[in-house]
Structures are given as structure tokens and as C-alpha cells.
């Protein structure tokens, strides 16, 4: 492996820059040439590929976002698009790819590998933490802390006014961010897609709290919950309870940005280096991950296909801690 | 003046606790008894009034929210409600009031004073900064920094994806938070109620930026802007521009909470002490404020009625800085 | 187990309050009485023990420090002191203890158990992360992030002036905080007690960086490093290198405080509940910990006696990433 | 004025980048060429001068430090050094200078102007806030908030252990940072160079607090206090009081870095643009400042020579608030 390329794709996540930095510094350390591909698969198709050196990644470890930019490419989903991309890589002499992104990125990488056989190792960069093959994804810890910081602020105003707040957090179809920011924020209740919670249960739980003299309550809602988003759930609750001052807060895109936490900078560095060294040792069509503090490689197929269960201890804890 | 009472009312703001603390510590220093009234005018009507001592306000200077809670009282808007409130205060021997809140609070305080003549001095506690008689209100600096921190995070993701983001900030009918967080966040454009900006101007400004190779843009929108809120403005823009990936972020209630900034803790302390010492020196029916670093007292009538102009230098700067 | 008591001892750590809260809420949930012992073993000896209810632990999950206070007790190290402590507990009908602290706390707990047989389960509360039987201790993640935030600020000024900074972090005799904040902060070099680094190696490493055009450098030093503390190391280096502007920053006690991170609030909650439920299920003379995301109990003897190795991947990474 | 240059010199301060950005964007807006001089007066002497465009200052408004670097130049203090500097500027056709720094920078700028007559307008960039001619200097608000955040963390650990903490903050010979972070942090006492506080007074004040049942105390010390630095003061106090657990924390260089606060980004932008437009309108040998929210220009002589008094209200408040 003499020359590799790295790109970031899909939703951006804090720590992607630390991951790029580690892959680049690792390549330099091992005497391997490395290029950066801008704007994910779109840039790959257009040949927007530039060599990277140690200085290219100076002072980026603490930065959110990605210096290589990202995109969700429609063209890459076509055979012609992928052929163009492969031709661009061949033209530059790229022998291996490091793909930093989420399951959309790995779905594309898997198909690309099956078609052209170019060794590719992925690094899980997404705030959703919904990839199998790694305990945590790059960006997850930062997103949880961002959501938590927002919930702490909302608690100040909820307490001042004896209000009920529904706070919606990201996570697409999983409740990872919701359960952790919910527990950390002392939420009364956390609504996640993985466990069905009816509006009746919501009202009962809140009522019990009010009977115990709780004056304010926070309910954290994962955006993909089956009862709807926070706005819809709040409407359903308000229509049945008339006594409480109810507000909704949708945290939105602040959860995608910001300086990565310590955990994300270290995880991203381990995975960026792990993906690079994986390519060097013959890994292909796999995602690098950290499980129980050890670097492991899992096929793209499994990382996308299998589900990582939500920790049941955490779900149980929400109820006990809001007693 | 031997016995006074303090309360917080209206929307809560970071620094209210520091204000309460300064008034209480100031009262103790001067040998005056002081009580806290819970839940604003509602608590006053119900007689929810408790004595406060130095220990009551220990370790609250850094806390957001208000330990005395707040409420928007409907009953106080009636003559009967206000009579009940006055009777409660008389029963406790309260000779003076410190009212911490915004113009809703002072509107009530002014009427109450005209009816019963109980000396009242206000301290401007609201994130909106729309009160005349003080350069800044308690909570404004913190809210601006919270909005700014959110915009910094959104910029990370906007830059990664070459997006256009409309970010809505609080401020009711004024653009103070918008103009400052907009300049601080490097916004392309800031839409405030004080100056009309048509959708055509918005599109022209953005287009000029894209012609200058800007790939991502942030537009900060004050919630009271005449073109509508951020969601409505985004829809109008999207219907005319088809090229860009457009997102909306409504910062919401995080702007109300959080640990007060240095400036807010100091301002709040000066105004809490200033309100207390104002009562001692015979001030009544006025709001304490800081103008050009000096403590001044302005009638409730003027503080509510007169408008504080938005600094034109700041408005001019947005355009120049986004060149 | 009908009545238990909880205390915090040794150096305080962010998350101790979340731990207390989880133990109290868990006890209430299971119908068990719970008391709080103030000021660690000193308060136990003096009988400074108060019942706790759900309200006692409201709104403390986000607070640094410990509402039960802490102390390093000399009297508890004597047989007489421990006899007094036991008598106080017996008087209150305490049947089990939850001890939140570090190895000093568990050393005392172990001796106390051997003398009196009162079931005790510990929860590892210390920023040092040097306890065997848990991947992370309560407070560690927050301390690392605090150190990292400080290093990020120091980097701004180091870069502006082309300086060499030696930054000293806590950790007593281990390099956990140093290695993680060092990697996360992009340090040139990290000096930890676990691996000897001579002054010659320090100068060589820095020289290589300067030859590669690095203008500023940060060296993170664990307080227990064998070459001395940061001040001593800086002096040794300055005496051999005359070209560089060298500064020292000792982060100190800011690393002990602050609002706990998401990870610490969750870890603390799991361990507080885990200690309480451990007592209920017959555990004694053990420390609750989380290893590979599972709750485990390890004897106090092992938790104090055995060493947890520093992750060698991390040590290797420092060198590669500063290429 | 067709071509100007900007440089940053002396100790760096958060907001310097926002200042550079505003000057550059302002120059572009007015059709004026602008260059950046690297490493202050040293770079001026060496001719390290590069043209700047709008893209040079993208995404720097939120960054601490200075992209133009800074230095304390010995050579500029000599006539020969200054002659070389002038020749370099003449060679590049520079007609005006914007000097961002503190009094060391303006002392040099004043002499330079007197010798060569090249119009120079300064912008006060220093965390010390000790320049006459502006209410606040660029970087001051951020430094106060950084010190305050550190004091909040130290309070957590002080409260947990009933300790007395001496916290040293920057400010050189002035107590601006100390008085504000002290009030904001609820300090028992603040020791500043502007008012003599003997060790006896320190002990008396602390004793009174302990008599009122205060268990922990924080004393903020400005680094230039006449009784010595925090370490020396702590030693003097410890030698007279034997009962208390006394710790010292020297905040150090974290106060120089970090992302600038909202106030600093706006102040820096106003002053960067103000300096540029000052040059355009014929200002020379002056410093741009904001007094009572208005842009003003003050001679370098006065800005360095005159003293800005510490607000006596603030000093009085420390005593009252710690009652």
C-alpha cells in the first residue's frame, strides 16, 4: 500500500477532523502517500482530490465539522457515477480508501468494493451511534454533551416557571442520544423508538411526578419516536392535560457541531490510525471500530445490517432516578 | 425602610439569582429585614412570602433561573387581585418592594404603586434588552453568548455541507440579541424588526456571497421580524432559489437558561444592591439601571414606554463584515 | 437491608452528586431508608448523619463537588476512631454503607469491614482513574475534558508566540489524565510516571519538531512524573536549550470541579444504583465498577492493590500523531 | 490612503483575530489594499508582510490567538531596527498602519510615528484592560469569563472540603480582571494593586466569615498586588492561621486564550473597522477605543500615560456581597 485517500461523507460529526489528522499523520509516519478527497463521493466523481501533508492537518484536532467537507451524493448511487469515481482514483494511483461516515457512506463503500475491488476501510463518523461493530461512533459523545448542556439550560427556565418541556434530540431511528442526555439531564421520561411509550403512559408518569410535588418536568424525545416528534407528542399531551404550561424545544443542528470532546478526539484518532494501518495490513471492505477498548474490524455488511441494542440498564434507570 | 421584599416575574433570565443575592446581602449589610416572594405576583396574592438571610442566597450567583420562581399572573391584572396582594404585604409589614423582571413586571408595578403607594424599585431582568433606562438588562449578555455558541456549532455543520442556515433567536420585538449574535457569529445577514428587509434583499445578498465563492451562509433572524419567523422566511427563500440546501434552526429556550456570564453577574449585583439602596434613599416607582457605567433611576413609565434604539454602527457593520 | 448510609470521602470529583442522587433515588424506589453522612469518616465519627429523601437530591445531578462534603480523616485511622464511627452507625440502625471515594476511602472501608463486619460497597469517585475493577472512575472524563479545554486555550497563546509550554495535569501517580488530555490537545510529548522519559529524549523530540518547522509545542506532564513536576522539567530543559520561549502552566484544582460530563453523570448514576442494589443482594467489602459496559463488583483489596495498565495504544499514538 | 498594513504585538488576547478580520473586510469594502505583518515589529523589520484578502480572514472570528502571530521585539527598540522596519514598509508602499496590542505596542508605535510620520492608528488588544481611552480592551471580557469559569470550578472543590483558596489571576499591575472575576465568583475578598490590603485585614475578613459559619472561602489575588503573588500571600496567612486547609491556584495562561466572547468579538470588530476608517479619515498617532458605546480616538501618549480608575462601586460591592 503506497498511496491512499481519505474522505468524509454523510452527516458531519465532531471528531471527523481528528480522524483525518490521525490517518494523515499515520500515513506520513509509515511513509505512505495520502490524499484528501473533498465533498465525499461527489468530489471523488469530480476528481476533487489533493495530496495531504503534516501541515494540512495542523490545529484541526479541536475543530468540529470536516476540512474535507461532506456531501450526500446522488450520482454515486448510479453505476456510471461509481465508474467515474473509480477512474478518478485510478488516475491518481490511489490503492486504498479510508471512508469516514455513517451507514449511508458504508452502503456506498460496500457496493463500490464489490464492483471494483479497491480496498476500503471505514471509520464510523456519525452522531447517531447506530453502527454495529463499535461501542461508540465518532461524534456521539460530543452530541450527547451538547444535548445535555442544552437540557441543563432548559431546566433552569423549566424550574423557574413550573413548566413541562418536551425536548427533541437527534438520533434518526435510534435512542442513544436521547437516553444518555435524558439520564444526564434528570429527565422525567425518555421516549425512544426502541421501546414503545404510549401517550397514556406519558401522562401517567408525569401525573405521578406532579403528585409527588414535582413542579417542573422534562421529557426527552428521540426524533424517530413512534408517537411522533416532540411537537406532535406535546400536542397530544396538551389536549389531555389542561393544567400545565407546556413548551417544546427542538435542539436541531447544534448537535452536529462544536469542538469534539476528549473522548471523541481520542476515539477518532484511534480509528483514523486504525483504518490506515488496517489498509496496510490487508483489511478491506470493513469498518474499524473500538469494542471493549480494542481495535476491531467488522464487515461493512454487518456494520450496516446488524443492530446494536440500547443498554437496558439505562432504560431501567430513567424510571428509578425520577422517583 | 425597615422591611422590604423582593420578587422575580415574567420570563426568567440568567443573573436573576445574582440580583436576589445582592439585594439580600445588601439588606443584611444595612440591617434591613428582607423577604422573598415566590412566583411573582401570584405568590404575592397568595402570601407566599418568606424571610431571607445570608445563607438563603449562598452559592446561587452562578446559577441560571431564579430561586424565587416566576410566573405571569392573570389575577394581578384585576383590582381584586392587587388588593389581595397589598393586604398580604401589609400583613407582613413590608414597606418596600424590589421587582425584578421585564416590562410586563413593571407595568404591573406601576399600576400597583399608583393604587397603593408602596415604594417599589425595579431591576431589569429580561434577556430581551428592550427596556429604556439601562444600557443592558440582566440576562442579555448571557443570552447573546448562548445564541453565539449555538451559531458557532451550526457554522461547523453549515461549512461541512455548503448549506444555507436560517437561525432564529429570541428578542420578542427587538433585534438586540440577533444583531450581536449575528455579528459575533459572522452571519451573512441579520433580520431584525427595527429595519425592514424584504425577501428580495435577502436573496440578493446571499447571491452576492455565492458569487464571491462563499459556500455556506448563515442568516440570523429575530423572532419578531416582519417577514415572519425563520421557518416562514426560509420557505419564502426556498421557493425562489432552488440550488441551495436550506436548513432552519430555532434556538428556543436554551437562550433563557444557563450560568450567567461575568457581565450579567456583575450587572445583576450592582442593580440588586442599587434597587435596595434606592428604596433606602426614597426612590419609588422607578427602575434601577446602569447607563454609561453609572447607576441611574428611571420612572417605570419611561422604562416601559420609551424605545432604546438599536446601535446603527452595528447594523452597518453586518454588511461590511460579510464582504 | 432496611437502612443504609452513603458518604463521600477523599478528593472530591465531578459526578459524586449524581452518584449520591442515584443511590438515594434507588433506595426510595426499593423502599429502603437512606441517610447521608457528612464530611466522610470525620462525620461518621461525629454522628453527623441525616436522613435523605427524594427532594434532598433534586437538581444536583449537574453539580460538581459533593453535597455531603468530604474530608481526609486522621481519627478514622485509629482503632478508637473507627470504634466511635461504628457506634454512631449502630445508634442510627445503619445496616449497610455506600462509600464513594478513591483508594484512601476504600483502604479505610476495608479495615472497617474487617473489624466490624458492616456490609460496605464502594463507588469509585476520584479523578485519577487509578482504581482496578472499573474502566473509568467517576470524575475522570470531566477532569480530562477540563484539562483539554485548558490546553486548547494555552495552544492559542503558544501558537501566537511560537512558545514551548509545559502543562502539568493531575493524576497523582498515574498518567491517565495526562495521556488523554495530551492526545486530545495535540501535545508534542506526554510525560507519565508509567514510562520513563529522560530530559535528553524530551529535547530530542522537541528538536525534531522544530526541524520540521513546528513553531510552537506543548508538552503535557503528569504531576507524578519521575523527572519532576512541570516546573522542574522546564528548568532542566531551559538549561540545555537557549533558543525557545518557555512557559509553564500548572492546571491545578480546576481539574477537580465543574459540572460533570455526560459520561460521568451516567457512570455515577449506574454506580450509585449499583452500589445500593449490591448491598441489597448481599455484596460486601467490594467496589462497584463498570467494565466493558457491565456492572461488576471487585474486592476492596484488589481495587486498591492491583494496577490498571495504561493503554499502550495511546502511548504509541502520541508519537505518531505529532509527526 | 490606498494601502495599509495591520499587525498584532505584545501579549495575545482573544478577539485579535476578529479585529484583523474587521480591518481586512473594511479595507476590501472601501477598495483599499491591506497587508498583514507577521510577528509584530520583528516581522516588520524582516519584511514578513503579505497581502490579505477576504478569504484570508474567513472563519477566524471565533478563534483565540492571532493568525498574524505576535512577538515582543527587542530590535524595534533601537533606531536601526526601526529604520529597517520603515524601509520595509516603504518598499511595499504601505501608507498607514493598524497596530493591535497593548501599551508596549503603542509605546513603539508612538516613537515610530515621531521618527517617520507614517500614520498609525491602534486598536487596544490586551486582556489587562489598562489602557486609557477605551472602556474595555479587546480580550478583557473573555479573560474575565475564563477566570470566572475557573473560580466556579474551584468553588466546587473548596465547598466540598471546607478549604480556603487563594486564586491568582492576570492583569499585570491592575486589578480589573481580579475585581470582576472576584465579584462574579462570590469571592470573600479581592486583593488588587490599586488598594492596599494588609495581611492583617485579610485574616480579619476571613475570620469574620468563619465566625458567620462560612466553611469555605475564596480570595482572588491580582498578580501585581503589593503583598506579593498568591503563593506568597498564602504563606503569610498560613503562618498566622493554623486551622484552615489552604490551597493556591495560579490560573496562568489559560486566561490568554480561548474563543472570544460575544462582547469581545463585537468590540474587536468595531475597533478593527474603526482603526481602518480612522486612517482613511486622517487619524494618526492615536488609539481607537469605545467609550460609552461611541468610537473615539485618543493619542497614544494619553492611552499609555493616563490611568483608568478602577470602579469604586465594584470595590465597595465585594465587602457587602460577602456579608
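Residue numbering begins at 1 within each chain, and the chains themselves are lettered A, B, C and D in the order written.
In the analysis below, a residue touches a chain if its C-beta (ideal position, glycine included) is under 8 Å from a C-beta of that chain, and two chains touch if they have at least 3 such contacts.
Note that the coordinates shown come from a computational prediction; the quantities given were computed from them, not determined experimentally.
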| item | value |
| --- | --- |
| Distance-maximising chain from chain B - centres being C-alpha averages | C |
| Whole-Å gap between the CA centroids of chain B and chain D | 28 |
| Approximate Å spacing (C-alpha centroids) for the pair chain A, chain D | 39 |
| Separation of chain C from chain D, taking each centre as the mean of its C-alpha atoms, in whole Å | 35 |
| Multi-chain contact sites of chain B, meaning residues that touch two or more partners | 152, 155, 159 |
| Touching chain combinations (by label order) | A-B, A-C, B-D, C-D |
| In the complex, chain C residues that touch chain D | 8, 11-12, 14, 16, 39, 63-66, 69-71, 146, 150, 152-157, 159-162, 165, 247, 249-258 |
| Interfacial residue positions of chain A with respect to chain C in the complex | 21-22, 25-26, 28-29, 54-55, 59, 61-62, 135, 141, 144-145, 148, 152, 155, 159, 180-181, 183-186, 212-213, 259, 261-263, 265-266, 269-270, 273, 292-293, 295, 311, 313-314, 317, 320-323 |
